[in-house]
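Before I ask anything, here is the structure I am working with.
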């Protein structure tokens, strides 16, 4: 999973805690896996919104204590970001904070809109100017143009116009708003800490600050939190939810609970199901760390083949992933992983990874394992082939780069030089993720199936889909 | 002039040169004295606008050559900024660059609008959002909202709505626009280099890049430069120009020519006139470096009293001015200046400074000179008392802090502990600056006279004027 | 193993490769786990030694490619360092490079001398000056004072005077020297890459640069490498080797082979032996990641109790370990680890860690596991109680801080609030590490047993041992 | 004076003041003109010496207040450095601080030894190692090897062995020592502040901290300061002093008094004498700022030709001088200076500079002045031709690069394209500097005359003198 999907985004919000910016910092720290390119925090002291954001990891952007002094107040929202829509650079870092007729507002967004360009064109025709290329700015414009008085009405009006995936947190001088799109593509959970409400992309952020998990924000739900408490709205028409199955496969942290289930447990079940579907005679099961570990444990458990750490990860690589060092780039995956020859030599090895994008990294890893003396290598992927790009907030390569969009499994097997290759089936992944009978329609699995629950306009499809 | 007015802003633009960003960098370098807080460059390659900006000096913000690689194209604009309206911080750094219905546009602004808040309120009421607190963003919104098709018409429409001081450069994918407000408060000059047109706040920027000086942009003139050449417009109603006399007194570089005259020569003439108005028996004339030097030379020439450097400036102070070092702050002016006892001891000393704001620094300097053994100290200021705040782009203190707004010259003389104190007269400063017969109306001298050529709304006056 | 021993040092050397500094960088990258405080590289082009070193991680100190341009030549040595003897700070960063009568020499040292202070006193009495507080400088002085002509003789003379633990690499203009002390406390391996000899603390550094493993440098061996090839010397009297057993327990990377064995395999065997010695009825075995994983796998395998990841590590913590963020410090272990409730809730849990120093972290982790719903918690440590400080290069706390030096196992069990606590036995750890019959004398296990193979002078003992 | 001599070094010391490190910082700030490459401070709290040093300006290296917290104690020494002997880089930054048999000692050195290499060879033969390539380290070695007990005796013994130019400050746990070589090449002054003794290269450092000037340290004098007070020694044989005349010409700050005279006044006298020796019919005298200003004032005064600022210096250049910006380097002197056309056009111009090294910069400046419309340009240099390198602490180019070492005045005049060129005479410079009757032997003027007061060994001469 090294050269595959880039992370997307993570959001956090808290209302009514004297250390709101500090807790938001910690929440973002726990959500760092959802975006390492930039991060930011906006805080309100009840009168004024203030913000700090920058490129880099949370621990680097918020290094100085003086930053926290400049973010006083009892409510804050935060954001970590990779890229998705909008391109790189500080100008697209979030939260986005603006002044409008009702005062100031900041917003942090996880997801991707499918009609952002259309709306942007309309807004520009009406005279609007755009400082970023982020979808999120469209939402703010819509909200500012609303003729409604009350904030919930304004937000509703804005969100009624947009389509796609969004888990959003808004902060005004006196309110925190959280919304999840009607399909519920991205997770958003609600917690409580010392009487303060907390919103976060994943429960691991609640755990770190020791907030109590209350419930998930429901697909299509908007919660508005102020001094009087929390009010829940369901302003959108009801649609069948389609949470992103890829959150289970790769994105979310294993210690998080999202969409009603624990991620680690789901991943183990992916592995068990994979063993049922693609059994093989072998001596050892090894994961590609760290994302392949839970599925490998499940595969080993189901198959009875011993689990071993045959690949060791260098824990100091983290940073270079973000800003690669010229002189080591060509060392590629070796800089991250090394084999344990004793575990591999002379063995028939089952190698487990969670997914496979271009195949180039898998090819290198299999070569390393072969060099360490493996007799046979059976690659098992704990999800179906990733053949279709995501339009809902995951920064997949174009179809041209997705090896499984243009190659058969047998061709991929030959390319990555494994002895055998097995992917988890479409039904199997849905079943293991909790869809009753493994039937479709309970999750968005567009990246596997090409079934996109929310349609996107021609415009976007043309420029991005390429191979279709 | 240390604790007085902060610098304002400087702008630069160039169209049709393969090294446009690099030349803009050099132009800003030459204009650094007009703003040290932040700077930025936007460049167009004919298709796409790109920008880099940051807090700090030009040489620091554009330290890496890779930044210039990221700014390709034959047209660029740049900006150096202190503060004036809009407050500090990176979010108000310029150029401001946005997308709107016709593409992208970047703008750099020197000056200050008097009706920005009113216009902003109107725009917010119509649904606009604001990412900065800078006046300049208002201009962009107006331009984007214009119903006109052609860029010159849009710019005209926007500028017709605004009132105040502005020398502006706009950059689109294919055009460079320069405008000076009808009063011509701030300078803006036109040059040419290898066939490329250049716009700059002062001629010193032309000199550095070895561009030929063509002429000044006239008050109320708009020039639109594209591949076909330069077109000049005079879209505004004619008013009597009132260029800022304080540019001569302090802001502009002595090697620049602005408003038709050389700054150094004007300052010398201020000194000569000062000698005529406030002669005194003395042994030596010393300037407060560096801003007092030309006037001191003029005073010495006229009076026949020898000119000497009795105060030496530490040339490594520059940077600390911007980011003061905690441990040396209380050393105040001593960190910047030291006396040359041999020049001063036992002498009757005429001390020349260009202006006097709070009086606290002058008081310290006079104490230093007294300690160095001066027998008499005659402070001469080469401009009239600065009694009124500026609303046209100079970041003056409030009236309360302007010592001359509430104290008589005799009181000030006592406060700064000089033996005698003489200011240049209102008529004298105008005469020396080139106003025929020294009559009023040829310059804006509102900071001396309180006669504001462009009225400002109550709103602003209330919050800012305080003592009126 | 979070609040326990700090890492020690790692060394690397290469002779005869055109990209020597670059490969040294990669070697240090692979050895980063042995020291994160500072690092450095010295390179020789056959004529001149050059060096770059700094505080921080290898990837940060050697961020710019220009650094490598400044380190030309076919031979290089490198060093990563935590602290051990000599205190923190850039002045003790290594390599240490000096000029002496024969030219220039650089040295990188892993280990700790027991008579460094005595020798330093003697040298100072003879007029020597010391720029660092590192043991290593003593070695250089001795070498420079030697009356011998040939470098091997000089090194021998210097090393004959010192006692303690050292794996050393020296670089001169034309030679690379590697030495391991007679006891062989610290590892040092020899490899070959494209005809160039390579020295490294661990084999993982060879693996990364794809060098072939030749053999370990033997205890008491000195190898001198120049253009003619490699020459081996055994200049010291023979003693029974006593390699550090704690390298197996914690320090070395699991993918390395040291002291003739694979670290991962030895750690798994520690876990199996632990299961034999401290069996318990339980539902799940969970490691404290990452150091406890191999032993937990061994324990699970031997006991038949399923292995699960009940604790998830935040992979972005690495950096903060080095430079802690004020605002998150009190969150302690929570910032690094989170529980997976689904794995733990309602279960009898065996928790495996490799060692236990102060007990404070274990106590917090056990509380976290208890909060996640564990029914019983059985803490198992895959090494004996660490009751004695190390004088051979591992930065252990003083005895006073080592909980097991003053508390019984039952007391520790009560302190960390586990239901039961079991340590691996002295014999068990030796047996699993490969000592025939588990008999003593094959390893240095002074930190467990108090049997120090190399005596240290009173002087040092007094100041450091405290509790003895 | 832009492409000429690089600055040398400055030293500072203070004993017995609770804010010693802070005052040393300020002292170095005032001495910044003597060295911009690196700087450092060592402080003693009576028990322990501590140090901080780094590359860059004083205000940058000592930016954080925490650095001062790490330098407690009532005595400190400091150093600013360009290069002279020893090459660039942090390893040669000063103070140099070591441990030796009597404890710790730090030293800061202004000057250059002529027998450093010889002594270093001897010391290396006796087994000494060298961590730097600075002369200063030799002094420390000699001091450490001394058999004497008392510090003054040790210092004396060390200094008796060295020859050349040195103004030194030493700091031990309990003492501050200041020494000036018997020739007194470099200045060193003594002051007092709140009962604390202060040593500094120039009086401007005393002025800044408001210390009282007591007297100069005499050539060949050593002062030892401790809690009991100051003791003066004259341990060396008496020789005729030969203070460096170039300190007056260029190095020292004009507000400083050194060698018994005020620098500004001496420079003005250089200008007057120059006017006497090289009168010319002209309309205006302009200095090359800032170093040419005092001499230009003197020339104007003597000749009666008006003084004007015809060249304006960009005050933001300072930093780039140290670390030049790739993209502007070729703009050379234009980045630093601009002409004031009004002052120059149509005029016969006398241009004054203090000295002339390679002639390349002067050539560019004269071209600029010609372009600004000068009718005639008469270049006047306020010192004799600089034909010989300095071996006493000034980093002159080799003879080959000194234009006057191989070219006649007429040839130089043609090269720099001036109409006429006049240098101050040897006798004139001495006379103006205060030598009775302008006779030789009162100053070191080796750079002009080739008469070196302290002989240097063949060794050094061979490698450096080149053209001799």
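To keep things simple, chains are lettered A, B, C and D as they appear, and every chain counts its residues starting from 1.
Rule of thumb we're sticking to: contacts are C-beta pairs under 8 Å (C-beta built on N, C-alpha and C of every residue); 3 or more make two chains touch, one makes a residue touch a chain.
Values in this document were obtained by computation on a predicted structure and should not be read as measured data.
Between chain B and chain C, the least number of touching-chain steps is 2. Annotation: 37 Å between the Cα-based centres of chain B and chain D. Note: centroid distance chain C to chain D, computed from Cα atoms, is 49 Å. In chain D, no residue touches at least two other chains. Pairs of chains meeting the touch criterion: A-B, A-C, B-D, C-D. On chain B, the positions that touch chain A within their shared complex are 96-101, 124-125, 127-131, 133, 140-141, 144-146.
Taken in their complex, chain B has these residues touching chain D: 22, 25-26, 29-30, 32-33, 36, 57-60, 62-63, 65, 68, 204, 207-208, 210, 253-255, 257, 262, 264-265, 290, 293-294, 297, 301, 306-309, 312, 314-316, 318-320, 325-328, 331, 334-335, 338-343.
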